[in-house]
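A, B, C and D label the chains in the order they appear, each numbered from 1.
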Amino acid sequence: MFTYTTKIRLHDTDAAGIIFFANQFKIIHDAYEELMEKFGWSFKAMLKDTNYFLPIVHAASDFKTPVFVSDKIAIGIKVGHVGRTSFSFVYTLKRGKTLVGTAKTVHVAINQKTAKKIPLPPALRKLLVKHYH
Amino acid sequence: MFTYTTKIRLHDTDAAGIIFFANQFKIIHDAYEELMEKFGWSFKAMLKDTNYFLPIVHAASDFKTPVFVSDKIAIGIKVGHVGRTSFSFVYTLKRGKTLVGTAKTVHVAINQKTAKKIPLPPALRKLLVKHYH
Amino acid sequence: MFTYTTKIRLHDTDAAGIIFFANQFKIIHDAYEELMEKFGWSFKAMLKDTNYFLPIVHAASDFKTPVFVSDKIAIGIKVGHVGRTSFSFVYTLKRGKTLVGTAKTVHVAINQKTAKKIPLPPALRKLLVKHYH
Amino acid sequence: MFTYTTKIRLHDTDAAGIIFFANQFKIIHDAYEELMEKFGWSFKAMLKDTNYFLPIVHAASDFKTPVFVSDKIAIGIKVGHVGRTSFSFVYTLKRGKTLVGTAKTVHVAINQKTAKKIPLPPALRKLLVKHYH
């Protein structure tokens, strides 16, 4: 499992003094971006040089314990499933040994012009399968 | 069902040209804030004058079709369940007659100091039950 | 002067209990988007159907008094200057009669492909000059 | 000068394909948070255990060249001035050797309860003066 470490910033929190829930989704996406770049895959290249996008079609999170500004969070991320047109990631968020949250995102491949589902590009599929545990 | 109408702003989108998924969670929270204020309930008063918070412990969204800058989105929101210490909201997001997404949030009442679960404050519970369909 | 009214949301605030400063920049951009659409101009059309962008090259804000969740803010916006390749907007932010902030943004027209400055597109220039002051 | 390195994330960009201007303000605040923590100072402790806040009363940025998703940005930050009740930071943002932007933030010390200006807390003042160049 790949682990991405981040720090909760003031802008991640809200007036209740803890992370605003939508920002947990934001930081798991950071982990996903970092993982994909570690795989040698580039968001910039996908957006500019390919005909596909990988929009998220489902996302869910549990929030186990409050997270504060300056907290260091280790986000574990692994490939959940790899299908014909879709794949998923599962995430665990820890502060030290404390599990602070879990999350899941499901992604589909679509054509940039038509927005229709397409089979996962073979190179991407290969990457994902290789790292599937 | 209460409906909150919003417009997708440039900052809600990302370089893929559509709404960034976490921002769908952000705008459903706007709908929740607006609904609660319509109920005569105030976030500012809760944060400053009470001993409880209502953090989200679970959130999930489906994303049905891409949403672009300037799109007008009508967010329907209704009370999902009302339990002893928790409640939920369910959301539908529409652009015109097109369903663009759905979502759910589960909230618990906790004590601001101890962060322990507490029974829903009676006045809040009453409000939620009254609007439960 | 065009006035855009918005409400401060929980996600606009941070753990200090007031609006996070960068979010004041976010909401003035909302006012700019609304003004331009009132002019009959479309961000979506610019991004998809033209060869230019209007990036911000300078932005500044003063913050006069703290702003809280649920506060209603009226953002006054007017055209500051219209030059050959650039223009600016000036903003005032009020809560009731209280001035809570001021801001300015300077925009330039650039070619989408080359990112080089270009003269303001004539139709856009006409709109801006017409609404100057 | 302290340098904070960050990577532009998809959520920092907008549908024009580059960083949304307000997010440049967001990432310079990340650099400020990191610098203060390097100084041994804590946002969490200020918010919970002291009677003061340090709100930003003025912020300005120049945007020199477009910044894209995945770009690594080195943010140089240094103390600008230290006054009786206020101080400032100045920032330079670089991608490799290219200057992509500059920024400035001015902060004042206020009492958390009264929101009135107060002299900079001596320990904070000492820290800032020590690192003033």
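Note that in this section a contact is a pair of C-beta atoms (placed from the backbone, for glycine too) under 8 Å apart; a residue touches a chain by one contact, two chains touch by 3 or more.
The structure displayed is predicted, hence computed values, not measured ones.
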Maximum centroid distance from chain A, chain identifier (CA atoms): C
Between B-C and A-B, the pair with more C-beta contacts: A-B
Distance from chain B to chain A - Cα centre to Cα centre, in angstrom: 22
Length of the line joining the C-alpha centres of chain B and chain C, rounded to whole Å: 27
Interface hub residues of chain B, defined as touching at least two other chains: 10-11, 15-18, 20, 22-23, 26, 29, 43, 47, 68-69
Touch-based graph of the chains, sorted into line, ring, star, complete or other: complete
Chain A-touching residues of chain C, taken from the complex the two chains share: 10-11, 13-18, 20, 22-23, 68-69
Residue ranges of chain C touching chain B (in the complex, touch as defined): 7, 9-11, 17, 26, 29-30, 33-34, 37, 42-44, 47, 68-70
Of all residues in chain B, those that touch chain A in their complex: 15-16, 18, 20-23, 25-26, 29, 43, 47, 53, 55-66, 105, 115
